[in-house]
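Okay, so chain A shows up in both of these, paired with chain B first and chain C after.
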Partner chain A sequence: MVSTAAVAIGAIAELTLDPNLKYNVLLPISIVMILTGLIRNYVMVLIRPNIPVMPRVKITEQQYINKGQILLQNGAVLTPDGFKMRKELMAKLLGEAQFVAVKQNNNAITNDAADQGATQQQKPENPLSDPNASDAMMSMAKGNLANYIPQTLIMWWVNHFFAGFVLMKLPFPLTVRFKEMLQSGVMTNDLDARWASSISWYFISMFGMNPLFNLILNDATLQSDVSGISNDPTMGMPGAAGGINPEQTMRELSNDITIAPYENGYEGLEEKILKIYS
Partner chain B sequence: MSIPLKEKLISIATTGYYAQLDPKQIEETYHELKTYLKFSTGLTNMEYFQLLDLLLILCLYKGRDTEAEFLYKALCDKFGEDSPFLHYYRSLLHEIGNINNPDVEDTTPVEKDIENLISTHLEVETDNVDYLLMSKRYLMLKKRGCSIQTWLRLCFGLLEKFPMDAELWYSCALEYFKLELYDQAIYCFEEVVMLTPFNYVALGSLGEALYYKYKSNTTTITNKNNNNLAETIYVLQEALDRFLKSVELSENYMKSWCFIAIICKEILDLSNNDKKYSKKRELLDLAKRQLQKTDIMNESDKTACKLVLSNI
Partner chain C sequence: MEKDNNGNSTTASNDVLIKSTRSIQYNNQKLQYVQDATSLFSGCCCGILQLESLNGFTFFIIQYVSVAILFVIILCKGGKITNYFLNPIQDLIIENLFRELAGFLMTWTFVYALVV
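After this line comes the complex of A and B, so read on.
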């Protein structure tokens, strides 16, 4: 199938490829890769995890942590008195860990006094028994399976039917280091690194298809599934083992807020406005 | 033609602008949306359901209850009944059912239904949207039947649970502003500005509250000794800074330019054109120039700007 056109000592081997390779190997591999990507994308949509649900007190806890961080970031837009007032309030609330959902010491979900329906005793969560955590782990496992099964099958298909095929010459020069990546399955030492084998073309397609899917699938959520971004197992698992301890985070944040100085975000604004609009 | 219409409809749906439309605009938007949904192609799932949500709301506004119920059922088939927006739509339909029923004229059953949903279900199992959405719906229903003090107390109860909700802070600020409780209004507006620092409308409202606080405090204006003058100008400067920040973010926000002109004039008058405040003179001239750009204004802005220009 591959014939040597000119081989000379010291000269680069130039190959003439059978034109049928394009239609019988290169094109089928590419089409299969695109179709597999599309099917995998829709499978991922079907097995996408549900929106994580949690007790309201956990959302409140998270909101107080975020608000403390926002006070540090955006405190400059406040008046000096406004900043001081909020600084004292947030340092107190966070320092006392008043809105922590699950206290580490007394194992109770805490609430504010006015809150009526939510106060209830609860043991610290076991991440393995938390339905949200197990859902996230299950969806991660499903996502991984949806990636690995087609990859394994296509790899077997390419290796079985097209092993050792040299398919194409890349239109740009490459160093020898790329030989291993581009010419896997081809047992030659002196072939230019620009020549790509069938299995290498499979890998190039696998890792280089995302821009194409971005073009075909006009949906941000679907694209993120294809690229596997949404497979983070820690997402939606607050309080999971090894995760951040909210009580400790609140106390650290409280310390940061206590020592945070006020910065006036309106300084030099008059000059700036005159410069912009004059 | 197709892309701007799609963008227009989606922005009406996502920003909640439908609440500001007058009856004629509601009628037009309804027909545009119906036609668009019939012939459109290339909508993503997210866009399609956003537009379906908008259609349901417009149906309710137009009194097309049967069509709204049909859409609600279609959405239920897709998402199941236990979904944030479907909880919301169910309560809207429930309210309409009560209005249509002459025996039950008040909204108490709907309120009780929401209270029940929140305490038995959402308190234990919710997401970032559901609890807040239903609580706000509850507050909206309550507003019709209780005093403003009670309503504000309920709002702050919810804000204690969701301190990051800028919309709720803004509602409270507006109520305090109406009651002329400027300190409280300033606190609430500052919360909004802190949570959304690029919100030029909130910055303008904060400046307005600071300015009216100064206006309401008559003693600082009458006693013009040096200390009081510095204090008065400091308060005005605080208000001016918010308006300047607002126009830095949006050049066409005319309300802020109006207040910049008014405050600069006031500072210059108070200080008897002291050279220390020469920047205010430049700002006043700049604001006047901006207020004369009538080609970029709507009718109400034009009237307001003319009035301000004639008084400074």
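After this line comes the complex of A and C, so read on.
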């Protein structure tokens, strides 16, 4: 059992650990971590903001931009005439920026927006003043809190109750540099870094929990929250945060559409189909 | 795979790709589910077998790659991988590597410590 790495460091390699450690420390920590993860997930579902409220003009603007992009991407399925017609129409509409929710120069609101006019007067330059953006930021902050509070609590709990002894042996050797982190409460100078204390089990399981949660909560509605904070805020509301100037986007898109060549997706279709079914 | 993702990012013609973001996402999710399950399970195996250091990591690499290959053969029906994934190497191997490695390490250490 004595590995060569341990010998090289010069530690007395084999310790006998109390088997009760497994049942009284290792299992409780793991169970608590899994349960906290589950609870956090459901809490996130509960505090998730309702469907983000967007004024109709904003949605129109978003959808016209999307429409232009889709035309660029999937234009090949159209007939040449159809593509040309759509291309001209979209280039014109986007070029005039007719459906921009908040006009840049004259602050005029498009006729759709008469009812929303009062709230939409200012330019959405400052994301803090936009109610939607602040909503998104609130939910982001809540998500962060829901992540950090239990982490801090568990870390405190582990450090307080399970410190000062070696819990387990890692199956892989580590360099001496990890010693300080892994054996924080253990006062031995030349114990091999493979012997780890409970806080290191906490860290290992913290990083490894994601796949487990994916298996446990294999539910499309819940999954997005488990994967973490990193991709959440950007996915939530496309373009609503007011970072990009929609009018600019539209004009650029219009230019792109104007010069977009038509590729025929139906060329040689007969041969392809024959090849598939022959 | 179900009928939903069969026509995911189908090649329409020689160069023209028609993509459906939803299907691509669906495929990636399926792949991730398979990878999650297999890496956790192989971590358990490693722990039970009491594999140490390099042996364990080799085990992980072999199972990870073979799962990717099996995924292509069985679930993508051996067809063109590019019909299912935009850039296969990236999606099949690199993207989830560290996530799966962390999960593998977790179950490996856990079972290793339990079995000893």
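As a convention for this text, the second predicted complex is superposed on the first by the 204 of 278 C-alpha atoms of A that agree within 3 Å, B and C clash if a C-alpha of one lies under 4 Å from a C-alpha of the other, contacts with A are read in each partner's own complex, and residues count from 1 in each chain.
One rule holds for everything that comes next: contacts are C-beta pairs under 8 Å (C-beta built on N, C-alpha and C of every residue); 3 or more make two chains touch, one makes a residue touch a chain.
If you're wondering where the values come from, they're calculated on a predicted model, not measured in any experiment.
**Student:** So in the superposed three-chain picture, is A:88 touching just chain B, just chain C, both, or none of them (first/second/both/neither)?
**Tutor:** A:88: touches no partner chain.
**Student:** Using the superposition on chain A described above, determine whether A:77 touches chain B (first), chain C (second), both, or neither.
**Tutor:** After superposing on A, A:77 lies in contact with both chain B and chain C.
**Student:** Check the residue A:180 against both partner chains and state whether it touches chain B (first), chain C (second), both, or neither.
**Tutor:** After superposing on A, A:180 lies clear of both chain B and chain C.
**Student:** Which partner chains sit in contact with A:59 here, chain B, chain C, both or neither? Use first/second/both/neither.
**Tutor:** First partner only.
**Student:** Does the superposition put A:276 against chain B (first), chain C (second), both, or neither?
**Tutor:** In the superposed model, A:276 contacts chain B only, not chain C.
**Student:** Touching A:96 in the superposition: chain B (first), chain C (second), both, neither?
**Tutor:** Touch partners of A:96: none, neither chain B nor chain C.
**Student:** Just to be sure I follow: which residues of chain A are touched by chain B in one complex and then by chain C in the other one?
**Tutor:** Touching chain B and chain C on chain A: residues 74, 77, 218, 265-266, 269, 272.
**Student:** Under the touch definition given earlier, write down the residues of chain A that touch chain C in their complex.
**Tutor:** Spelled out, the residues of chain A in touch with chain C are 3, 5, 17, 22, 26, 30, 73-74, 76-77, 167-173, 201, 204-205, 207-212, 214-215, 218, 223, 263-269, 272.
**Student:** What part of chain A is in contact with chain B in the complex they form?
**Tutor:** Interface residues on the chain A side: 51-56, 59-60, 63-64, 66-67, 70-71, 74-75, 77-79, 82, 85-86, 112, 114-118, 218-219, 221, 265-266, 269-274, 276-278.
**Student:** Which residues of chain B touch chain A once you look at their complex with the stated criterion?
**Tutor:** Its residues touching chain A are 42, 44-46, 118-120, 122-128, 131, 157, 160-164, 186-187, 190, 193-195, 197, 238, 241-242, 244-245, 247-248, 251, 279, 282-283, 286, 290.
**Student:** Give every residue of chain C touching chain A within the complex, in rising order.
**Tutor:** 12-13, 15-16, 18-19, 29, 32-33, 35-37, 39-40, 46-47, 50-53, 56-57, 99-100, 102-110, 112-114, 116
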